[in-house]
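The structure is given below, and queries will be raised subsequently.
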Amino acid sequence: MAANTWGELFRVTTFGESHGAALGAVIDGCPPGLELSEADIQPLLDKRKPGQNRYTTARREADEVRILSGVFEGKTTGTPIGLLIENTDQRSKDYSDIKDKFRPGHADYTYAHKYGVRDYRGGGRSSARETAMRVAAGAIAQKYLAATLNMQFQASVVQIGPHSTHPELATFDWQQVADDPLFCGDAQMSAAAQDYLKQLLKEGDSVGARVRLEVNGVPVGLGEPVFDRLDADLAKALMSINAVKAVSIGDGFAVAEQRGSEHRDALTPQGFSSNHAGGVLGGISSGQPLIAEVAFKPTSSITTPGDTIDVHGQPTTIVTRGRHDPCVGIRGVPVVEAMAALVLMDHVLRQRAQNGTVTHSFPQI
Amino acid sequence: MAANTWGELFRVTTFGESHGAALGAVIDGCPPGLELSEADIQPLLDKRKPGQNRYTTARREADEVRILSGVFEGKTTGTPIGLLIENTDQRSKDYSDIKDKFRPGHADYTYAHKYGVRDYRGGGRSSARETAMRVAAGAIAQKYLAATLNMQFQASVVQIGPHSTHPELATFDWQQVADDPLFCGDAQMSAAAQDYLKQLLKEGDSVGARVRLEVNGVPVGLGEPVFDRLDADLAKALMSINAVKAVSIGDGFAVAEQRGSEHRDALTPQGFSSNHAGGVLGGISSGQPLIAEVAFKPTSSITTPGDTIDVHGQPTTIVTRGRHDPCVGIRGVPVVEAMAALVLMDHVLRQRAQNGTVTHSFPQI
Amino acid sequence: MAANTWGELFRVTTFGESHGAALGAVIDGCPPGLELSEADIQPLLDKRKPGQNRYTTARREADEVRILSGVFEGKTTGTPIGLLIENTDQRSKDYSDIKDKFRPGHADYTYAHKYGVRDYRGGGRSSARETAMRVAAGAIAQKYLAATLNMQFQASVVQIGPHSTHPELATFDWQQVADDPLFCGDAQMSAAAQDYLKQLLKEGDSVGARVRLEVNGVPVGLGEPVFDRLDADLAKALMSINAVKAVSIGDGFAVAEQRGSEHRDALTPQGFSSNHAGGVLGGISSGQPLIAEVAFKPTSSITTPGDTIDVHGQPTTIVTRGRHDPCVGIRGVPVVEAMAALVLMDHVLRQRAQNGTVTHSFPQI
Amino acid sequence: MAANTWGELFRVTTFGESHGAALGAVIDGCPPGLELSEADIQPLLDKRKPGQNRYTTARREADEVRILSGVFEGKTTGTPIGLLIENTDQRSKDYSDIKDKFRPGHADYTYAHKYGVRDYRGGGRSSARETAMRVAAGAIAQKYLAATLNMQFQASVVQIGPHSTHPELATFDWQQVADDPLFCGDAQMSAAAQDYLKQLLKEGDSVGARVRLEVNGVPVGLGEPVFDRLDADLAKALMSINAVKAVSIGDGFAVAEQRGSEHRDALTPQGFSSNHAGGVLGGISSGQPLIAEVAFKPTSSITTPGDTIDVHGQPTTIVTRGRHDPCVGIRGVPVVEAMAALVLMDHVLRQRAQNGTVTHSFPQI
């Protein structure tokens, strides 16, 4: 698995910087015969796109995706699918005030030391704009999994700063989530959080968020012991999203307080009686809904001045101009869904390779 | 990255079932010239070994590791290192009471449906015994990283059920951690948790735990954008450990409540002024200590009877006989250290491949 | 190593069909700091480009390559390099006479059965046009290896049908090879072969060729036992080129007739006294020039009618219209160089990962 | 694909030196449910084993293989299969006369410079003894492919020095090949070659060989464009065998002399009318028998003294004592079959991953 490639059998390779000529991706390993056009991808890209409402950055990115290869007469051919988004807004910006300063909380400092090269433009490869290509690739995986296994990927915001909801409070009416400006399923929490975000924008600050993922339709038997467990791959996929600092499956950190008699999900002839495990046992899907949560950190690109150093090691202060997202977790929602789809897609193909079918019908079960 | 292989350049492949003939591992990619003998590995294996005290299972596993290849005249040669632990205690056990029942909370059910084959012996490949080989491989990585970069991997138990400590309360005197029967750095918490565990043993129940990892000596610049981020690989490595349900880096889930002005770690000529990020920025190490936490679920192998089904789909109850760990997180401590070492080792080699050196001295820094 | 990706550490992923919207490649793992622009790539693409002279197909392909990412201020940044060639000549062609027929000697039949999908346009992904992206990626590797190790990749045509030369007859004045319309270093053979090709064109037939590769400047110690040997990777790289049917290293098939006393190259304080091995011993480079040969089959796209079947399984005949190369091996010369460069580049990075340096100075040598 | 690992989905990792404690392999990705015991592997190991007759080295290697994991109640479970051969004959040998000398034509010199470490014992990891584990792993692949697709792997010696046969002369009665001491299907050639080998043994010299592989039962559609072509992977697999210097598919180097009208295999309703392609078109199997040839160089371990240098760079001469194979190609026959089986096995699983089935029944064909 290469640095800029995700997956073993459904492989997504991305390239492009936020202020370069274009963003692109190559999807290698998509089964042939899937109906596919740009219309399957664009809506998910639009969901992630900035400038959709006042809580996301006003920066305009056209994000018009083109399929360059791998599709013939409306169907995938089995050959690699090339995707491209040309960056239309590349006018030379004035970076003179940040060119020599490391932005605190950014990849600036670590990239410079890793590569010995400094691309001081807005984030370069570490920009969240890179996730557009993950969403595009994930859209293809989502379409395939929905078509063949009726699998559904749905994420929502369940916490923004001090405002949170619980699964039982949130309705998880997914249409409501889609319509909510914060992708939140609890109208009360959303209203309170929107007020909070308006205040933050005035103060020139940002805040973190927690996002909950639910995947329905996962067949039993996906995941590979011992390292490529389904939950392990999901943890990597979600932690690889910009700004994510924590990942949990099922009851997550709460399991540290639970007893075995409480945690274990009883098996009955009608199925599991609870889902503390979050749909994974021994690293392999149990057939229950897959449940995960992630925490997004607050972006450091805020108009509140911050202490830092310049490239000569001298102390200085920095202010990030321009409007940025007060809460990057909101736009992270479709990225969470996309990465989960890439993980599941890969494991479906792996399972098919090893067993011929996706799930064994175990004797008498 | 194959199912039973970890790593790209320092590759660890493990095999063996808990009740089979042997456990083994192949380490491919270890640089030549490292002094190595069984004496470098055995102490870490002994730390993980069951039966060390009353809080870990009394089952006896000799866990005597042999180096079969890759070392000549006391030094690694650059060729693959074969490791083997023969299972000495293989007497045929009576499985008749569990042979046809799925144990709730176990991989039993998912393995049976994944493979269409049922290995009803004590866990087979999904047993925690498999982690012995991770510890053995990790010991080699830890030795190399300590010798070349003075990197140190240290984990400790910071929560067991209702009993917890905070980094500031725990002394993190690592000798004290090593001597504590619960690998806990807070004597007060350890004492309370020991009483709690004794009570659990009487009740035939188990409990979860939280483990904190600290890696010192990590150079700036390790990790690969965008998918093979250092934190993403660490998340996968830790989530792949049996019973782990959550992984966090730095402030973890608490970032959902933080503001940007609070979270971002200021840069000063003397270094970072705080470490909310946990040593990773944009997926690349910042040179600060790497901080992570994981949650271990309570084992489901308890003497409290549980509801389940048999292989014919009929409802039944199950009791796991024999003594088991009341808290598997304790023995997970050396496994957490080992997996972190495998991640860092791989990224050190990757960095060296791309840049020739581990860290660029960036101009003027 | 994925189907459309070459390499472990210098990874090249290509996409695009000959009659689709574009061809592209992503190069992941290029070390940062290499000066790079389109001007480093275009000349090698032009060498491969059809229509250069009367012995290569007259089809016009602009083959204008654009660098989309991974280069900032004229230097590589360490992030993935996106390359794109838009297909300018995409006018809808009339395929009605071949749409339902399998072309004998082509991938038509095998692709249709592999994917269950038929892209009847001129070769689709199996077209030699795909190799343009190999040449582009190879150009970057060649530049890096020349700049850092003074490595040189040079191939030439040594046989076309009945006309051949021997290394000792060919001057291997590489400028002469570059100027020769057949990339042949033996003026006498070239003249005879040109007459032969003119005759073939008249007859509507084609012919095979043999190409010899010589890589100078290869340091001792490259290659990985036991599977990823340098010669094994080179064999795969060269055999993966369209139309190649055989690969040999050093004395090649002639070794079946040699005795051990004749084959083994003696070591002297001044170096090896001969190079029967072709620069590889035990799968690892010896420091001598790397010598390989490949055989290109004659293209099946000829105007001589051929027997075949249609997609309904009925017998029919087929004629490939339009002008095609009478000898595809000629345009294969830069592809051979490119693939060899990709192999060497990858092994240089792998060696650096494992050993820190490219070559150990072994004691006293 | 790691240095000591073969394959993507059926992954074979080997370890062990010829004079170390043991040889071993891990096979990861074998489908569950295959009946398997040591009795399926041992006969193929015995075929490769030295000391079988006067034309192979008299060295005794017990080569008793043990299955350590991955098999339960006589069937594979889907978990990794660990294989081990303990080296019984490890008595300390006297290496004093070669310890400081590089053997010409061996990996001695290249290993020393690659790793900076010298394992002067009989070949270490570069010894042909390493191929025992390839044969063991290949035996499992051969069993699976025979059971599920009726695929058959058969190789034979077609040239030894000046003595050769042609496919049409050799009967390819595979039982006769198996019974022949040289694995040759032409009794006349075998008799002449045996006389020749006896003479070589007297003279203390060795000779090369050519081996022909034929795989029957290959379904149409295996192989991945563009890099992981079936013929490219086969070329790598065969070139990775010790002493192999050339690989060809179908008509091989002879295609350089052929015309397109002669080379292309016509398609008829009854199948292909010839097999110049050797069963591969565009890198994908055509359904015809897969035909390949390899050339083995003569071993350099001969009793004829040879010029070389010592580790101090001083000129000296060397004589390899003990009896060695006069023609290593003979024992290479089962290794050729094994490597081909590993290639096909991997591609069968890859095809199944992508398409669900091994071969699409293309409309009307």
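Couple of notes before you dig in:
Going in written order, the chains are labelled A, B, C and D, and every chain counts its residues from 1.
The rule we apply is simple: a contact is a pair of C-beta atoms (placed from the backbone, for glycine too) under 8 Å apart; a residue touches a chain by one contact, two chains touch by 3 or more.
Since the structure is predicted, the reported quantities are computational estimates derived from the model, not experimental observations.
Compared on C-beta pairs in contact, C-D and B-D come out with C-D as the pair having more. Farthest chain from subunit C (centres taken as the mean of C-alpha atoms): B.
Centres computed as Cα averages put subunit C at a distance of 26 Å from subunit D. For the pair subunit B and subunit D, the distance between C-alpha centroids works out to 39 Å. In subunit B, the residues that touch at least two other chains are 2-5, 8, 14, 29, 32, 78-79, 114-116, 125, 225, 350, 355. Contact residues of subunit C toward subunit D in the complex are 1-6, 8, 14, 102, 104-116, 118, 125-126, 130, 159-162, 164, 200, 205-210, 220-229, 231-240, 242, 245-269, 273, 277-278, 281-287, 293, 295-302, 304, 306-309, 311-315, 329, 350-351, 355, 359-365.
On subunit C, the positions that touch subunit B within their shared complex are 8-9, 29, 31-32, 78-79, 225, 349-350, 352-356. Residues of subunit B touching subunit D in their complex: 2-5, 11, 13-17, 20-24, 26, 28-29, 32-33, 66-70, 72, 75-82, 84, 114-117, 119, 121, 124-125.
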